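One structure is given below, represented as structure tokens, and several questions about it will come after.
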Amino acid sequence: MISTSQHPNLSTHPAVEVRGLSHRYPVGNKTVAALQGVNLTVNDGEFVAVVGPSGCGKTTLLSIIAGLLPPTDGQVSVLGGDTGSARRSQELGLVTQDPGLLPWLDVASNVRLTLDITGHVDAADERVNELLERVGISHFARYYPGQLSGGMRQRVALARALVHHPRLLLMDEPFGALDEISREEMRFELLKVWEQERTSVVFVTHSIREAVLLADRVVVINGQPGRVTDVVEIDLERPRSESMEEGPRYQSLLADVKGLLVSGNDPSDSLSAVPEDRT
Amino acid sequence: MISTSQHPNLSTHPAVEVRGLSHRYPVGNKTVAALQGVNLTVNDGEFVAVVGPSGCGKTTLLSIIAGLLPPTDGQVSVLGGDTGSARRSQELGLVTQDPGLLPWLDVASNVRLTLDITGHVDAADERVNELLERVGISHFARYYPGQLSGGMRQRVALARALVHHPRLLLMDEPFGALDEISREEMRFELLKVWEQERTSVVFVTHSIREAVLLADRVVVINGQPGRVTDVVEIDLERPRSESMEEGPRYQSLLADVKGLLVSGNDPSDSLSAVPEDRT
Amino acid sequence: MNRQIRRKVIIILTPVLASALLLAVWETWVRVKDVKEYLLPTPSAVLTALIDDPGRYAEGARLSLQAALGGLLLASLGAFILAVAMAHSRALERALYPPALALKVTPVVAVAPLFTIWFGFGLAPKVLIAAMITFFPMLVNSVVGLRSIDPRAHDFMRTINASPWQIFWRLRVPSSLPYVFAGLRISVPLSLIGAVVAEFLSGSAGMGQIILIANGDFDTPALFGAIFVLAALGIVLTSSVALVERRVLFWHHSSVSL
Amino acid sequence: MNRQIRRKVIIILTPVLASALLLAVWETWVRVKDVKEYLLPTPSAVLTALIDDPGRYAEGARLSLQAALGGLLLASLGAFILAVAMAHSRALERALYPPALALKVTPVVAVAPLFTIWFGFGLAPKVLIAAMITFFPMLVNSVVGLRSIDPRAHDFMRTINASPWQIFWRLRVPSSLPYVFAGLRISVPLSLIGAVVAEFLSGSAGMGQIILIANGDFDTPALFGAIFVLAALGIVLTSSVALVERRVLFWHHSSVSL
Amino acid sequence: SSSAEDVELADLTFMAGFRAQANLPFVAAYVAQDQGFFADEKLNVSIRHSSGQNEHLKLLLEDEVQFTTGTAAQVLRRRADEIPIKAVALFGQRGDQGFVTRADSGIETPSDFEGRSVGFKAGVVPAELHALLKNVGLSVDDVELRAVGFDPRVFIENAVDVYPVFLDNEPDTIRRAGLDINVIDPQEFGVPTLGLTYLVTEEMLAERRDVIERFLRATLRAVEWIKTHVDEAVAITLTYADGADPEHQRFLLTTDLENAERADGIGRGTLAQWSALTDVLVEFEVLESAVDVASAFDGSLIDALYEDGQIN
């Protein structure tokens, strides 16, 4: 992996390549395995969704790809370099469920912060306005995060993650806190942006429907520690639309992924699952 | 309404009867309308789901029914008496998204607390064990809430709300924090308990699928202030099962409710909605 | 509008009326029980003492305030700088906690004479005593504040490769402000006490000297006059901090989530 | 296991080593600079003073501790009871805040003689001064604590018609404990200072008297000996509070969410 | 009588051994400053005050302060610790420590102390009390000792039978609070006592005798002036103790003046006086062993300033 890091801009590299990744967290005087032998490739410009039950290690995987967490074992290459170099070249965008906006900055300043830090200060205000426009909150540029609803905050987080033209967008349940209608809106908003920018996307979600509706491929993680148990190609046409959800192809893909998940989850090794002796 | 309160146990009364209900919150020196002219009847033993976009007043409605909030206007009768009398006769059970368990009590004590307070101390421990068994967490009776996953905490909240045989169960997005698989499990758990106890239920949810899957009737609230814009009878057979979700009747009911929601929601009067000039 | 004004009036009036009531009860009690003035003066005697020589109290207040604010400033800066180090290293925190605690339990009366010897006369020892007494709460609050960053915001800044310096200034420092202000609210009255005690022990001019002389002369009205002035200073200073806090931290508590 | 023990050893060793280092630097500096003993004694001279007459310091510590703990208990109970009233009424809170603040900015040195007159000799005035100095932090924390109930838990208890009494004991009181303990951590060293200052000002037996006599005797090693003993007491007391807190509040910070 | 024209201006600090009040050695400095007697001697003096926690002595040793005050007993104790300070003038021909009792208590002499509650200040039972009791065949075991602190209201409010006072200070305060009292001065019961002195370091005495002499001359001239200008002297004192009660300060000053009076000139003393005090202190273990009184007091400078009881 390291040998290719001299050519970070060569887009023939996959956006993410994970090989034999394992991760253990220290807990007291022991360690707890969160991921075990995970392999995953995200091609350049591809939209990959990751689904799996709670505690299977989805957030852990994303944190490792983002370079926030050093893996215990295995190789990870991001945009042709190691995770650190991807971070250093500021090609990443991150959106999490609780987006961690800075409450003392207004919407525009929160988005601008990314440009200030990455050094894209030329025409920064125009770029900020463009992004706010695109995610539909330009009217609220002078509002503070505390004055916004959850859905609007997620739009700001999306703008903040996209404003510096990142080549890889990492999203961890970005729409988890939203009501169903805002959520639907945001999904198509995201797809529109993605189709324009052709960013590569890793999208972690609890919602199987969301995964199937958005992604080119759905990666299914199961177990504790989590492993990639299946990968499902989503061959629905683009651009996706709401009406596809009634179509038989969508329904059958949905059923496929659902089946892979339920059967793959062994309840006996998870606290949050039901005890064995329950009928 | 008041005249019937002498016969609180007469089950010929509807469980909930709401007439011309309005509610305004004081905000600074003004008031904000949350509900406007709401009518709603929940028959004895009926399972009613309430859906609507964020901020339409669902939680407000539930709080008024629970007697936690005095309505600004309109009449509310609960179990044949006024809201206060229903509360005083301890016939209510409440489950909210964040269940507010007492962190210093273990699971069994949290559930027992309801019995201690309502004075059902005879054979209390047996009753607690029975409920923990029924919601599938009897193995965790000695755990503290902080040691449980979100799903397990919701199970405890359900047990706590049911342990004193309430005649009306009020639920506010009880499964909102759960992952899809736990959520599915909990839904059928709830239905099983409900079918056994035949409690009347008011179930607020963001998920249209959940509403259609669980309820006898779905009440759709729209707008700010919220009004009941539609009521949909769910004539799916009981007991409900997961496989019904693929059936055409389910699908068409789902589409109905969805349609009522999206069209009923005027984005221009809600902050969390998209500004008018967006295309 | 009307309603808002009425609310504000009530908020201001309640404590004023309550204090007036308290003073009235006090006055009546002293008169009825005929308590000797050198034990407990009536509030009216205290007011008379204050009105008799307002210049003296004003000058005393000025001097004590100067020392208190100087000490507070010194302690806040010192504590914040040390807190930056401690917030970055648990080991350093553990290492420095016992000496900081030792400083905290050292009674001012024990070290005030030493401070005069070490730091000379005049303002310096007073400022240092006010600083010593306020250092610990400022340190503890600053450390907690600098640690209390939103981990999601931190993660985001790391993914866009923000430097430790950028993270410090743009995330840690603003995040610490609510805690720093809470520390200030605790420290403001403490700094006043520190300055006054220093003056009392060294006999140097200020409210402490007024108390010292009043005590020596059995002039309890003047003593209580000084206490009233100190209470007023404490309330004004605390309110000022609260006011600045509301301005600076508009985004914190006061902000309404829609 | 091994690892855990090593971790614990490190946690204990860091501050011990750091303090040892600090003392070593101090000792060296005094020796190299040849600072006169009456200005700043070496730590070894301080230790010698302590070892020379350990009984005296032990007795002094016992007396001061007694007064400090008595005052802390009194202040905590009084503050909690008042806090119950204030937590239930914003108007009462606003009304009582200025007198409470006045109490807080009143320097102990100003009222200590009055306390002796009002409350006699011996333990009572010392306890009351320790109580006066710790009252305010206990009050503020108790009010905030009693208010900081989980609204969901409160709603639930109301729907099952829990009485205000049941809500108070089963919800408000346990919810307030984290804040009460935070208040105790602030108050424990303050109560010690209060007791010592009272002894210093009244000359009654305890660590304050030891300081007073040491000052009068030019005996700076004994003065620092007293400060060392006070620091040790402060650290032991604070650690004890932390220990009890960890036991009682096992469900609070320490609990791990799965 | 004034110094030569060619002496250099000397900067020095005088620190009173307690807070600002009308003790004679303090007022002498205030007046010397105010009336230009220091200036006449080409002395540029700053005046400071101590908290009474002995920092004035430490500052003297550090040469931060060149002149300070202390009681003869304090000087002897510091000499016993081999601390190189020396008294160069003795104002209090009798000590300022004494006792008061209520006039109606029937306690008029030390013999009446038996079985009564007797207060002591500052944590230590003073030698004066030991000596007083011994002279009447009692000891501290025959009385009920009580730490009373520094506020005489404790006595007025009836909490203790015998209350320790500074003779030039609290009796007046207590009387003015409306209480009739008996004052018991140890000296009148055969206990030798001495009061306040001016102190310098041995080093200063060896190297800057001329400055000491100029300081003494200025302050002795001030004392002479004070004798005839008591009210003005009190007014000057109040500029250092703003807000203090002038009547009370007047009492302090006049009492101190009386106690300082001696035929051969205020400020002078003999080694015999110091030896008698030493004996008491040794007897009651305030001093571990006798101190060479010549090391504690050097009267030669002040003696040289007088000629037939007049300052020359």
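Which chain is which? They are A, B, C, D and E, in the order written, and residues in each are numbered from 1.
In this section, contacts are C-beta pairs under 8 Å (C-beta built on N, C-alpha and C of every residue); 3 or more make two chains touch, one makes a residue touch a chain.
Since the structure is predicted, the reported quantities are computational estimates derived from the model, not experimental observations.
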{"item": "Shared interface partners, meaning chains that touch chain D and chain E", "value": "C"}
{"item": "Touching both chain C and chain E (chains)", "value": "D"}
{"item": "Maximum centroid distance from chain B, chain identifier (CA atoms)", "value": "E"}
{"item": "Cα-centroid distance, chain B relative to chain C, in whole angstrom", "value": "49"}
{"item": "Cα-centroid distance, chain A relative to chain E, in whole angstrom", "value": "84"}
{"item": "Gap in Å, rounded to a whole number, between the CA centres of chain D and chain C", "value": "18"}
{"item": "Shared-contact residues (touching 2 or more other chains) in chain B", "value": "148-149, 271-272"}
{"item": "Numbers and ranges of chain C residues touching at least 2 other chains", "value": "39, 113-114, 117, 201, 215, 258"}
{"item": "Multi-partner residues of chain E (at least 2 other chains)", "value": "53-54, 58, 62, 151, 153, 157"}
{"item": "Chain C residues within the chain A interface of the complex", "value": "150-162, 166, 170-171, 174, 250-252, 255-258"}
{"item": "Residues on chain A engaged by chain B in the complex (per definition of touch)", "value": "53-55, 136-139, 148-152, 178-182, 185, 206-208, 246, 251, 255, 261-262, 265, 271-272, 274-275, 277-278"}
{"item": "Chain C partner contacts - residues on chain E that touch it in the complex", "value": "18-21, 48-51, 53-55, 58-59, 62, 64, 151-153, 156-157, 173, 176-177, 241-245, 248"}
{"item": "Residue ranges of chain A touching chain C (in the complex, touch as defined)", "value": "63, 66-68, 87-90, 92-94, 96, 98-104, 113-114, 117-118, 144-149, 160-161, 164, 170"}
{"item": "Sites on chain C touched by chain D in the complex", "value": "11, 14-15, 17-19, 22, 39-40, 91, 94-99, 101-102, 104-111, 113-114, 117-118, 137, 186, 189, 192-193, 196-197, 200-201, 208, 211, 215, 223, 226-228, 230-231, 233-235, 238"}
